[in-house]
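Worksheet: the structure to be examined is printed underneath.
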Amino acid sequence: MTSDAVLSMEDITKVYPNGIVANKGVNFSVRTGEIHGLVGENGAGKTTLMQILFGLNQADVGKIFFNGKEIKIDSPHAAIAQGIGMVHQHFMLVPSLTVSENLVLGLEPRRGFIFDKSRGIHITQELSKKYNLKVEPDMLVRDLPVGLKQKVEILKALYRGAKILILDEPTAVLTPQEMVELFNELRQLRDEGNTIIFISHKLAEVKALCNRVTVMRAGKSQGVFNVEDVTEEDISRIMVGRDVILRVEKDVAQPKESVLKVNRLTVVNSFNKRVVDDISFSLRRGEILGVAGVEGNGQRELVEAITGFGSYGLGSILIDGEDIKQLSIKEIRDLGCSHIPEDRMSYGCAPTLSVRMNLLSYKHNRREFNRRFFLMHMSTIRDVSTELVKEYQILCTSTEQEVRCMSGGNIQKVIVAREFSDNPKLIVANQPTRGIDVGATEFIRKRLVELRDRGAAVLLVSADLNEVMELSDSFLVMYGGKINAFIEDVSNFNEEKLGQYMLGLKSQDVDEIGRALHD
Amino acid sequence: MNRFYAIPIFILASVAMFFAGCRGKTEAGTDDDGVLKIVNLINGTRGDKSFFDSSAAGMDLIEAKYDSAVLTKTIEMSYDQPNWEPTLLDIADQDWDIIIVGTWQMTEMLEEVARDNPDKRFIIYDTEVDYSLDLGNVYSILYSQNEASFVAGALATALTKSNLPLTNPDKLIGFLGGMDIPVINDFLVGYVEGARYVDPDIKIAVSYIGSFDDTAKGKEMALAQYSQGVDIGFNVAGQAGLGQLDAAKDMHRYAIGVDSDQAEFFVQTDKATADLIATSVLKHVDKSLLRAIDMHMEGKAPYGSSEILGFDEEGVGIAKNEFYMAIVPEEIRELVDEIEEKIRSGEIEVSSAFGMDSEAINELRYSISP
Amino acid sequence: MNAVFEIVLNPLFAFSVLRVSTPILFAALGALISDKAGVINIALEGIMLISALAGVIFSAISGSAFFGLFMALFFGGLVAFGLGYVSLKLKTDVILAGIAINLIASGGTVFVLFLLTGDKGISSSLASKLLPKIDIPILKSIPILGPILSGHNILTYFAFISVFLVWFLLYRTPLGLRIRAVGENEHAVDSVGISVVKTRFIALIISGVMAGFGGAYMTMGYISWFSRDMTAGRGFIALAAESMGGATPLGSMLSSLLFGFFDALSNSLQLLKIPYEFVSMLPYVATVVGLVIYTTQKTKRMHRMRIKAESKKEVL
Amino acid sequence: MTKAQWRFEFYRTGVVIITAVLLSLLIIVLVSDMPGLAIKLFLTGPLDSLRHFGNLVEMVVPLLFTGLATTVMFTASQFNLGAEGAFFFGAIGAAFIAVNWNLPPVLHPAVAIVWGGIIGSVFCGIPGALKVKWGSSELVSSLMFNYIAFFLGLYLINYLLRDVTAGAMVSFPFANSSKLVKIIPKTRIHTGLFIAVFTVLVMGVFTYRTRWGYRIRVLGTNIEFARYSGINTTWTIVMSQVLGGFLAGMGGSIELLGMYRRFEWQTLPGYGWTGIIVAILAHNNPFYVPLAALFLAYMKIGSDIMSRSTDMPNEFVAIIQGMIIILISASSFLSKQRHKMIVREAIS
């Protein structure tokens, strides 16, 4: 424990009910008036550590000191009382309430028994002015763009008197421009004497913003460093434990005939909004087409339409020349389309079933897995899954282990093993490496390129710009449901311009975008 | 076998072994001779203030009269139908001299049990067994409820036509049955004929609750009747019929009770209700059971046959208690006595619903519906 | 058909609709509050049953109807607290816990009744008290409206007042804000330091107290004693009414009244030449149909909006 | 589940059962004037004579069917509580065939049981269909359907099958050819037991060894994943409930043809509700359904026998059953012990 630490956590150990050890003997401390980076791979235990600090989780072992005194934080309430505030990765807002209602929730201004709405609005305006974070108090939160939601979250913490502000991967959902704005706001807060803990796994951001950084790996702290004294490469090495080449070696694509043709596709969501607006492109065998863009600009709906998950109103989608509008998910899959869903826990697996049963999934109807008398061929299922586990280096105790007891990267590998092992014609990969460790990421990216070389068509949707630029042969930028730009050659493109496309500040003309059709 | 199975089996086995050593005699196994052991199986519960309470009261009458010469017990089997047959079989195995059951639902079970236990005596009330099956040890008690209902129908009609404060000018009376079954319809047939005896143009609102224990539904239906102009209603629905008495209190109208003297039950707890119960059609299950035991003691019980108990045998009757006296004007009381006499003498013959098919009953219902 | 109109147009019929709807309305409001907090309370049935018995027992012991009511509410809240404890603390699935409580209530009330009175069927040997009926002075003398609206049990009036109170609670108080927030995104509530568990506990207890009103009404207004399983599915119907009413206080009231209408109709229709089994089925069929119509309308509305939006853009 | 988790679940179930039995004993001691006799009868009654043992088995048979019915619906995460109505209404269907048709012995009950199953499947299937078509909660509508099944059933009995010579609302007696044969003298155990045991095996294999069972399990754990896997979720949701209804309807038919002379239920018999407890106790595993059914039947029969000869009412069993549901499904009951076990394993 350093003497100048305002807050320190000592020897924190946390084991989750499913047996995963998230933190093991972690020490962590921050000083007043610094921005302290907390970096590590996904699954390194950063979020868990901060949840313990904020009272959302309780440590099995360990102590927390505040200004040198030991404190117990058994609930967010206790954390807030100590002046700790947290902005979560997934926003903790109530969509159907207004900004001001969300802001004052729990500390509502009252008039007698009655909730005083106008005071709530007043408070919001005051705070907004004071910290220079502009929000509309009357707007419903569900109508806000992510950047604004984040501001509401920060205001929420400040309204509760937070002096120590934890931000959990705040930049994941922001555009480069929004990010710059956020960084300026954070610096201003720091200069006013607040302490900020900034969780990230993007080293450039940490380098740009933080004073000190704590690096975590596999649930353990790897040490604290002054940001000035270390390079990104140093941190990366400590974080991963080895030098990682995130660059995927690949040859120039040899595109062949087109597999997927999307023509004037339009999707309207249940809130009556055109989330995919008249887009057209085509995807050829042997190429990887990236879809970049800030999340929520229609990528999800595009993927849902192609994979049969969602319906669409106008336009057509052809796979190998066949219109899939009337086809079920199963029939689309039978055309040779495989799909890596963006949210692996919600769509990609059955958490309480075994690895074996998860590897089976859409293949359960196949003749090879079924015998006479309607029975399934259990021994074949076992053998095939054992092989896949080996081939894809999935870490599990046995193929009978429940998936929910595995780490994110391994679950993703289960999904990838299932989807890639089928010699697919078309792969729709939506955020294929989100939130998994470097090893698994590298593995999956390599596999994607391999499949491309074997003649598969890959549609890669990713919010990770690096991933899109690294893997794609060409890519689209989506903004507001439209294709805003089509970049045919990834190798010579500048990021500045890309950011402008992503934010809709600029767009290519119709002809340029039209090239995506390869007609 | 999975170990999951082990614990419960282990528990069962060890418990069974523990108790195997100390199995005692069953409760009725006291073997002193001379004591007549009587058990009454109720396929419902006490507290209905009518049928089953009357049956249970029969045991009290017997005990009061014979004191230590008898040992009686009433077992409530509840409305849990699957439990009835096992109970009857268990009881038949035990050391009881006379086993009493009631209602039609017990008939077929009893026929088998009686055949398998020729040394035991059985009494069944409110129905009869099939004597072609050679059941010399079963005595069946039937009640001419149609005759007593006839009187009730006449009384109700006379009351609705009278100028009593709580009546209205509509010539409309009510009948609230438990279920659309012969025993209940037997009441209805008598009631209708009695009503028509007094006034051929009388209209009767008939509803069935569809249950013998849903008092809330009973009350709702009675309220519906009362709100359509019924000023006196007759409930024949066991416990569910109590709802009608509550409705009568709410609406301030008259009611006629059934099986037991229902006004008596309310004297203590709820006088306001009792005040509105003009009379009750009594089905003296209690007295008929005492009578059967009397005959048994004298060795004259007619096992192997059935009897229909009417006014003469005090099998049925009309409650003429203080409330009856208070509510019913004298000329109507005289009319009631007169009709009762005519039934006894056979001058009035009342039809029975037994053997009538659904069509005939429907026709009767439609003919009097308002 | 004329006969049906005659029945329906009788003011006494409307009176009985209000009376029959009362316990369902209470329970539906209970269902609403817990639903808003994100908990399905299918224990309403059992809670009503327990409260109903508590009302009878304690009003008989104390001789005061209002003490009986108080204890009915107390037990309603207590059982709901129990439900909260097992579902929020012991993490039992709330539906299974509800089933369990219904089971315990069904057997337990008979058990307690038997211990107290020796009867398993009905509590009529307890001299329980009734809550008063209220005649509304001026309204009473207005034709048609008077007979419909005046002379109800005090709880019937309170049930309809509760619709407003529940609306006020949910939409105008800090607690209501929290209850709605907790139902929509519990993490949001958690992250600002409000205890999710505590908020749900409070919502459940209020829900239980509402069901307690319904139970008390059953034995101290609707009829004047307790009999086994007397709630006869009203708690379940209330759940249906709440979801049919689109999870709003007013909607819950309207659908409770609809159910009450069919229930009252089923009691009166018997007097016509319709088999009683059919008539008894009516309220349940109406509930299912109502539920389906509500959900159909919802999906249709969304579908229509969608088509409209797509075509509008096309024209432009 | 891993071995450790199974082991834990197994101990936990044991603890719950022992707690339940101890709680029953406590209630008896507190309430009864003759606790010794009451406890003895409660615990050993079902085994103290062949007939009582028969009662036990007789009760297990319908519970196997309703338990399996609920198991298959719960496995698909469909909270359909309609087994009760399907059981009742299936029995009505079987009664219709048993009374009106004339068929040779083995065929007659077989046809009646299948017909009863079909009728039952309609009743559980409708809430399922309403759910997939319009999204109305199957929980609420299946509860309503229980009442509808009850009244509609009574109507059919009253107007189509009613024996006017009988003194209660019952059907005509069944044709002798339609009844299930009694197999053990002095008991009412009938051939339905074989069908029940066979059905347990079939359902076990169905759930864990066929592609339909696989679809139901996937659907039950994660509906989105099921959709993603190309499973027709609409169809599977409906089918799981149709199948559940079929099992419950079969159970009703078998119960009726094995145990009764005519249709004489005036209330819902309650096996469907107990079936829910069976399913919970069996952790939705068909192979454990017999154990759960046996345990619950044991408690019920024990308490029935006890209440016949003592002053203890048998209703307290409902309290105990409720406690069992809560404790078994309380995932954090004993969770501290569980967590300790896991922490120990993880750290070591």
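Read from first to last, the chains carry the letters A, B, C and D; within each, the first residue is number 1.
Criterion: a contact is a pair of C-beta atoms (placed from the backbone, for glycine too) under 8 Å apart; a residue touches a chain by one contact, two chains touch by 3 or more.
Everything numeric here is computed off the predicted structure, so don't read it as measured data.
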| item | value |
| --- | --- |
| Most distant chain from subunit A by Cα centroid | B |
| Pair joined by the larger number of C-beta contacts - C-D, A-D | C-D |
| Mean-CA-position distance for subunit D and subunit C (Å) | 29 |
| Chain centre separation in whole Å, for subunit C relative to subunit A (CA means) | 44 |
| Rounded Å distance, subunit B centre to subunit D centre (Cα mean) | 34 |
| Residues within subunit C bordering two or more other chains | 120, 277, 280 |
| Subunit D: positions in contact with at least two other chains | 151, 154, 158-159, 335 |
| Residues of subunit B touching at least two other chains | 78, 180, 210 |
| Pairs of chains, among all present, that meet the touch criterion | A-C, A-D, B-C, B-D, C-D |
| Residue ranges of subunit B in contact with subunit D within the complex | 2-5, 7-8, 11-12, 15-16, 19-20, 22-24, 26-27, 75, 78-79, 81-83, 85-87, 89-91, 93, 103-105, 107-108, 126-127, 179-183, 210-212, 354-358 |
| Complex interface listing, subunit D residues touching subunit B | 10, 13-14, 17-18, 21, 37, 40, 43-44, 47-49, 51-52, 55, 59, 151, 154, 158-159, 162, 164-170, 188, 259, 261, 264-267, 269, 287-288, 291, 294-295, 298, 301, 304-305, 308-310, 314 |
| Interfacial residue positions of subunit B with respect to subunit C in the complex | 44-49, 76, 78, 180, 205-208, 210, 213-217, 219-221, 223-225, 227-228, 239, 242-243, 246, 249, 265-266, 268-270, 365-366, 369-370 |
| Sites on subunit A touched by subunit D in the complex | 15, 17-21, 60, 309, 328-330, 333-334, 339, 341, 346-353, 357, 360-362, 364-365, 369-370, 374-376, 378, 397, 400-402, 405 |
| Interfacial residue positions of subunit C with respect to subunit A in the complex | 172-174, 176-178, 180-181, 184-185, 187-195, 302, 305-310, 313-314 |
